[in-house]
Amino acid sequence: MLTEIKGLNEECGVFGIWGAEKEQAASISYYGLHSLQHRGQQSTGLVVKNDQELVQHRGLGLVSEVFSKDILENLRGTAAIGHVRYINDLRGQIADVQPFLFNFEDSGLAMCHNGKLVNAKQLRRSLEEKGSILQTSSDSEVLAHLIKRQKSDSQVLNIKNALAQLKGAFAYILLTQNEMIAALDPNGLRPLSIGRLGSAFVVASETCAFDTIGAKFFQDVNPGEMVIFNDQGMTVERYTENTSRAICSFEFIYLARPDSDISGVNIHIARKNMGKRLAAESPVPEADLVIAVPDSGISAAAGYAEAMQKPYELGLIKNRYIARTFIQPSQELREIGVKMKLSVVERVVCGKKVVVVDDSIVRGTTTKRIVQILREAGAAEIHVRVSSPVIRYPCFYGIDMQNTDELIGYGRSIEEVRQIIEADSLDFLSIEGLVESINLPYYDEKYSGLCVAYFNGDYPTELVDYSDFV
Amino acid sequence: MLTEIKGLNEECGVFGIWGAEKEQAASISYYGLHSLQHRGQQSTGLVVKNDQELVQHRGLGLVSEVFSKDILENLRGTAAIGHVRYINDLRGQIADVQPFLFNFEDSGLAMCHNGKLVNAKQLRRSLEEKGSILQTSSDSEVLAHLIKRQKSDSQVLNIKNALAQLKGAFAYILLTQNEMIAALDPNGLRPLSIGRLGSAFVVASETCAFDTIGAKFFQDVNPGEMVIFNDQGMTVERYTENTSRAICSFEFIYLARPDSDISGVNIHIARKNMGKRLAAESPVPEADLVIAVPDSGISAAAGYAEAMQKPYELGLIKNRYIARTFIQPSQELREIGVKMKLSVVERVVCGKKVVVVDDSIVRGTTTKRIVQILREAGAAEIHVRVSSPVIRYPCFYGIDMQNTDELIGYGRSIEEVRQIIEADSLDFLSIEGLVESINLPYYDEKYSGLCVAYFNGDYPTELVDYSDFV
Amino acid sequence: MLTEIKGLNEECGVFGIWGAEKEQAASISYYGLHSLQHRGQQSTGLVVKNDQELVQHRGLGLVSEVFSKDILENLRGTAAIGHVRYINDLRGQIADVQPFLFNFEDSGLAMCHNGKLVNAKQLRRSLEEKGSILQTSSDSEVLAHLIKRQKSDSQVLNIKNALAQLKGAFAYILLTQNEMIAALDPNGLRPLSIGRLGSAFVVASETCAFDTIGAKFFQDVNPGEMVIFNDQGMTVERYTENTSRAICSFEFIYLARPDSDISGVNIHIARKNMGKRLAAESPVPEADLVIAVPDSGISAAAGYAEAMQKPYELGLIKNRYIARTFIQPSQELREIGVKMKLSVVERVVCGKKVVVVDDSIVRGTTTKRIVQILREAGAAEIHVRVSSPVIRYPCFYGIDMQNTDELIGYGRSIEEVRQIIEADSLDFLSIEGLVESINLPYYDEKYSGLCVAYFNGDYPTELVDYSDFV
Amino acid sequence: MLTEIKGLNEECGVFGIWGAEKEQAASISYYGLHSLQHRGQQSTGLVVKNDQELVQHRGLGLVSEVFSKDILENLRGTAAIGHVRYINDLRGQIADVQPFLFNFEDSGLAMCHNGKLVNAKQLRRSLEEKGSILQTSSDSEVLAHLIKRQKSDSQVLNIKNALAQLKGAFAYILLTQNEMIAALDPNGLRPLSIGRLGSAFVVASETCAFDTIGAKFFQDVNPGEMVIFNDQGMTVERYTENTSRAICSFEFIYLARPDSDISGVNIHIARKNMGKRLAAESPVPEADLVIAVPDSGISAAAGYAEAMQKPYELGLIKNRYIARTFIQPSQELREIGVKMKLSVVERVVCGKKVVVVDDSIVRGTTTKRIVQILREAGAAEIHVRVSSPVIRYPCFYGIDMQNTDELIGYGRSIEEVRQIIEADSLDFLSIEGLVESINLPYYDEKYSGLCVAYFNGDYPTELVDYSDFV
């Protein structure tokens, strides 16, 4: 939720429903997407299946802006898939807004995707050489072309073969007139869970979407699985046996909502544990109080305070109306930016030794300004504690930190970072601390069940299009 | 900030600046109003003074929606006044959006108002009988007509005489080509503070607006004062000696931002004190943990937990994207409403004895639903603690609780309320507890410096238009 | 309709209905205003009377833009008044959009106005001295304040007394809960007609509005009359006996729609007569063909061609999509402006001696460009004939030509004008020719029933606010 | 321009420029498209070539609505292609708005199309079977896929081979980083002309676009030609030798602007000739006057009047503000529709024997209503004369009259049609009369250079997808 401040953006959230009663698939999806809004605020869309056809509505903006009551009422149907997205490219055009809908002469196929493929360019080139025209600039679209070029009479087999060609992070939901299909990449880099709402099945990036619509968690989609929902029920298939769970650890650190569970682990509890562990690894015994960088640092700060038996205080306030406020570029008003987003409660921090807990530091510019405004407010000492390890490597799986030059932790010691942000002290959680705080109930040896590549460079897939990086 | 949930709405926030450098009065006011956005989200406007004239821009919506960069750049000037507002009346038309601007043949007068007059109807009737036409449905406009009908050559005297005729709650800012005037009602029911930004003077409903723009707090406007800002500086005058401080206690309980100070008291600290006092007055020794109803209950909940030495947990999550989301009226989806706004973190509360702290209970419907969703999530016991007293009387000074029938506390014992909301236990802070938690540094005997009329019916003014009530 | 080209703008059109069946007053007014759209395209509004109250809706833009189906369906009532307007002032704010609605404590009054008062400033000053506040920058509003300050118990008498204080051009329609009142200035400068639609009465600036809604013309409102419509029927009263008919001759020349009748004279026929008379006064015997400047010159050109027995050809085409198209300011594209609006049919005019008939010349810039593009298209000779006299004086009654400096005919001989526009010959209709072409069926001696002040400086009223001019 | 009334809609207009000075390709195209606005008002777009890439902007609405000054200024480049369109399908989505832009991994291709292919379905099916995914519902897109699937190294040869597979009506403009290509179908069903603007080349559906931007007509694109514009100049190639000119005669009758020339014939003059010929074929000697159905009947009516030596009068007025006005569906207001669009000048027609000339009759509903409103206005006799033959067959080449059931002339004698529209007499121009009035300077024997299939069923191409029709 700190998107603007951190400049660190998840690409998407996906939602799907099959078998909705009273043709309310669109309305239920609307509430589901609303619960996933923190995963992407720049575009959204739905494809709804009614008796005759697949119908699409999409637009730039929030779920509540793109869908009006009238629009939803006209989108009746028993199944739907939907998407929320952060668009990196400012040229972001409506053609790139998901779900995509492909109308073939004899049928239709809709799809939406959370994650990022690492061999999309290679696949695009190959498809174009064979005469295909790709319409969007999205990596997600290649799956449709791969499916379309399969020759089998079995649609399920065609999709399996197409999925097997993809590399990278993907949680796909597909919709046809006959079925809804959810598919997860071989590492399960992105979360994808299945729930039940009466007799209907729902699929969502996070379980918080289930709570909102009154659905119950049923089971997670596992790495390499392709789950088919149709009028006969649900069938779990596999398109590959070569899997190794490596869930993106940033889902736990920052991206997911505190009330979601991923692989059986509640996000708030994981974060509070990170805070407690951080207190053990890097205490500040002389501190008077602990404050959080809201909102994503709140759970860890509470854990840190509890473990240290220090007061947990509201030292920084986040302005709830910041979205879309423009910042005046004039010299005089330049400093207003961070103050509009975060305010210090001066009487709380003035004269005090303060531990300020944030969930992560990417570029470091916001952290530096937070230290500044705390200092201006009279804080005696400012100890920054970060409830995740130092980010030293780019992410190619959908988190917007591809450029190592922008990472403050790239090629710098912690002390060098501390000097830049001008804190009195600075420390980060260890990788082991992170993994043990999350404490996944089951995982493979290889990656402890988590992708921590941004911390240690150990990428769970080939990088293909990005192999120059290594 | 819980406006939608509580259905309890402040009427306005006001902001003014005189002597802005580089003609940036509008841009500075934009950021100032943005900081006051929590006081009203339905309309906003600015009147800016340049060398030639007063120029107005206003609209329905948030500050960031009504003002674009282009608009602000065209509104250059050295002084400005602005307003954010919650409009009760759904008919709310642009003519009613403040600040009002009156263009006389020889001069101009702009004004904006926070609060509510209790003799506006009486004054309107009298003005119309004398041939005046009032354009808006607002009670605020009468002041302009009262001023216009004064006969003195001294504009200051005319304004004093006009202000002396008003009864009720008002923090007015007026702007002419020659001066800006801030005036507060004889009880100081609404907050109004003065700050300095370089050589410029700023006035705002809350001090949080000063922090954002980099201004420093200078002094409060006191009850019965009329402060004149012009190119010679600032002059404090009085339009009445008959004053008695009685600041609306709901500003401390719920309305103001935690980082604001009112009469030298920080809001977060006051709320945390309310929580501590509540723990002393009504402890729950058997509780496993304490949670808050976000956002307004957070400070008090942290205080309660600290005093009780119990863990403070994130048991309820507020959805940040709720604004303007419509709720489907169908039977099937009716229950979604509160779940869209607040989510339970099931793994935190399941099987636990929970104290849930809210800042106040008005109608009780939200509280009842919170108890329900906590119960559904498996909470073993639910103890509701409210960090303000029982609301038993209407407010006529600008807080949207005029109808006693809607108040759950009207004519009911606490036990009766507890049965309605289905909590395991329920308790409220005492009036003494509230007053002592706020602990104003200076006040008059009569009202302890605070208006607590909604709790005890002791209104600090005549009620005039509403005297039937008594 | 040539507004953009001529830059000569009527201020308004008014419409009213009393006694509409099935509460369709708003829908009928919508169609009525639509027929009057040529009289003003920049703002429009309606006030509708239902059983309880007067309800207002207004906005900037065309009738079809400001009113949607939903809005109209929510505006049900048995009476309504409406307005379309051209706003001179680019600052034109919504507060200035008519009809105005004044909500008094005990009643309501709505009004709309076509025309322009010449003593509005004098009246405003006097009202403000007595303590009134005028909200709009419109001259129209003063009538409401004059009425409000009358002391009689008879609303009719109060309105009569107020109307008697106005000087200038006005066709007012007023609406209260009990009646609709139409009033015309003592010279009848602006047109105002009454029609019947079943049992309902309608009032409109032009009779073309009656045809559209299926109403029948009943009678004109005469100078000095005040016509009252209520549930008992229609009553004609007079607020002054001092009247002298002097209808704005520009209504016949340019403003009104060809299918309207004013004082029993059809506009198209009057214009065709002007063309015939112009042919008699200033023939071009050597011409090969006659073309019109579309659209307003079409009737006169057809008349001229018929009288001269020359072919009437389509030599200039008007682009129907020109509204709101912006013109690129770059050097290279500067000349595109007039070509976007008017195109020459090259094969019609090439090598020919052409008479081009326009209805009037105000600034002369468009005429000059028309001559240029005809010349570029190869016309051998270009003879400009204008079916109205030379404009030598400003208008103070609502036509947008107040500044004599902008009038090409001001202080210049016809030969001097010809040289500026570079035509081979140029001539204008005589004032006598104009009056006899219109041929009003009844009129007073004094002004021949027509205001021709822009041609001869003989203003039918005192000029009051503009008396410096003389 | 009578689109709404006739319900007969051209599909498109296209415009292109190569070699624009000062990178003004977009601005020039804006004015060019504006001149073609009568060919389609529902969507428009541009693709502009700058040094790096092809950039697209498109939207639903008029040219003046879709393009703002800011947008144009950001679209700088030396070449551009643009499109205006009428969209039949109400589902019309932005993806279907032309020009299309295909971004391949190594290059880009933009295209726009006027006309309609008759083998698009056949081609789509074949492409999908080979694994292609078509994104739009447009028939135009298939050309891109056909080109992409060609294997030659020569882009020109690939395009030639692709064009040779198309059947039906098409005027295509293609744009790549290296060239602009204009191509016309083997019958030249749609018009396409080349002009010069300084050193730049322009291409447009109608020559009126050249006049607006100051370009000079250079030559027409001929049937079967593919004209290549690049930095070396212009090259005319042919993709087929099997051509036979058959220009859509409706371009002359109704679609094109009167100031355009097609194949050397001016539209206004052709229409005036049709009117004269109609007078010779079917005179009404007893008529008092001749009136036109505006706007498209004006030229023919003037010709008819001139040939008959009868007065040409303005008997019907077209409302200029009709666009997008909705029509109230209630019983009482149902009849308002046609009256909003067309008004009778009662004093012109009352008591007279009237010849009313229209350019064509498609469904007949508007003609019937025109006869009604003339009758209601008191016309003594109403003689309808139509300056084109009876429409008896559908069009498959882009004019919106595919359903024979909707054609009033389908399976009816002229007398039967007369009875339906309730005119006193009715007659149509003969096919020979039409062809001789247009009088093309050059043509092939086979079709006299004109497609008159809607009149005689003689289609110049195979119908392929529509062969069931025959």
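Things to note:
All chains are identified by letter, namely A, B, C and D, in their written order; residue positions are counted from 1 within each chain.
Heads up, the rule we're going with is that contacts are C-beta pairs under 8 Å (C-beta built on N, C-alpha and C of every residue); 3 or more make two chains touch, one makes a residue touch a chain.
Nothing here was measured: the structure is a model prediction, and the numbers come from that model.
Where touching is counted per the definition, chain A and chain D have no chain in common. Ranked by distance of CA centroids from chain C, the top chain is A.
Per-chain CA centroids place chain A at a distance of 36 Å from chain B. Distance between chain centres (mean CA atoms), chain A to chain C: 61 Å. One simple way to say how far apart two chains are is to compare their mean CA positions; for chain B and chain C this gives 50 Å.
Shared interface positions of chain A, i.e. residues touching 2 or more other chains, are not present. According to the touch criterion at the top of this document, the contacting chain pairs are A-B, A-D, B-C, C-D. Looking at the complex, you find that chain B touches chain A at residues 1, 21-22, 24, 27-28, 30-31, 34-35, 37-38, 41, 62-65, 68-69, 72, 208, 211-214, 257-259, 261, 266, 268-269, 272, 295, 298-299, 302, 306, 311-314, 317, 319-321, 323-326, 328, 330, 332-333, 335-336, 339-340, 343-348. The part of chain D that touches chain A in the complex is made up of residues 56, 93-95, 102-105, 121, 124-125, 128, 130-133, 135, 137, 144-145, 148-149.
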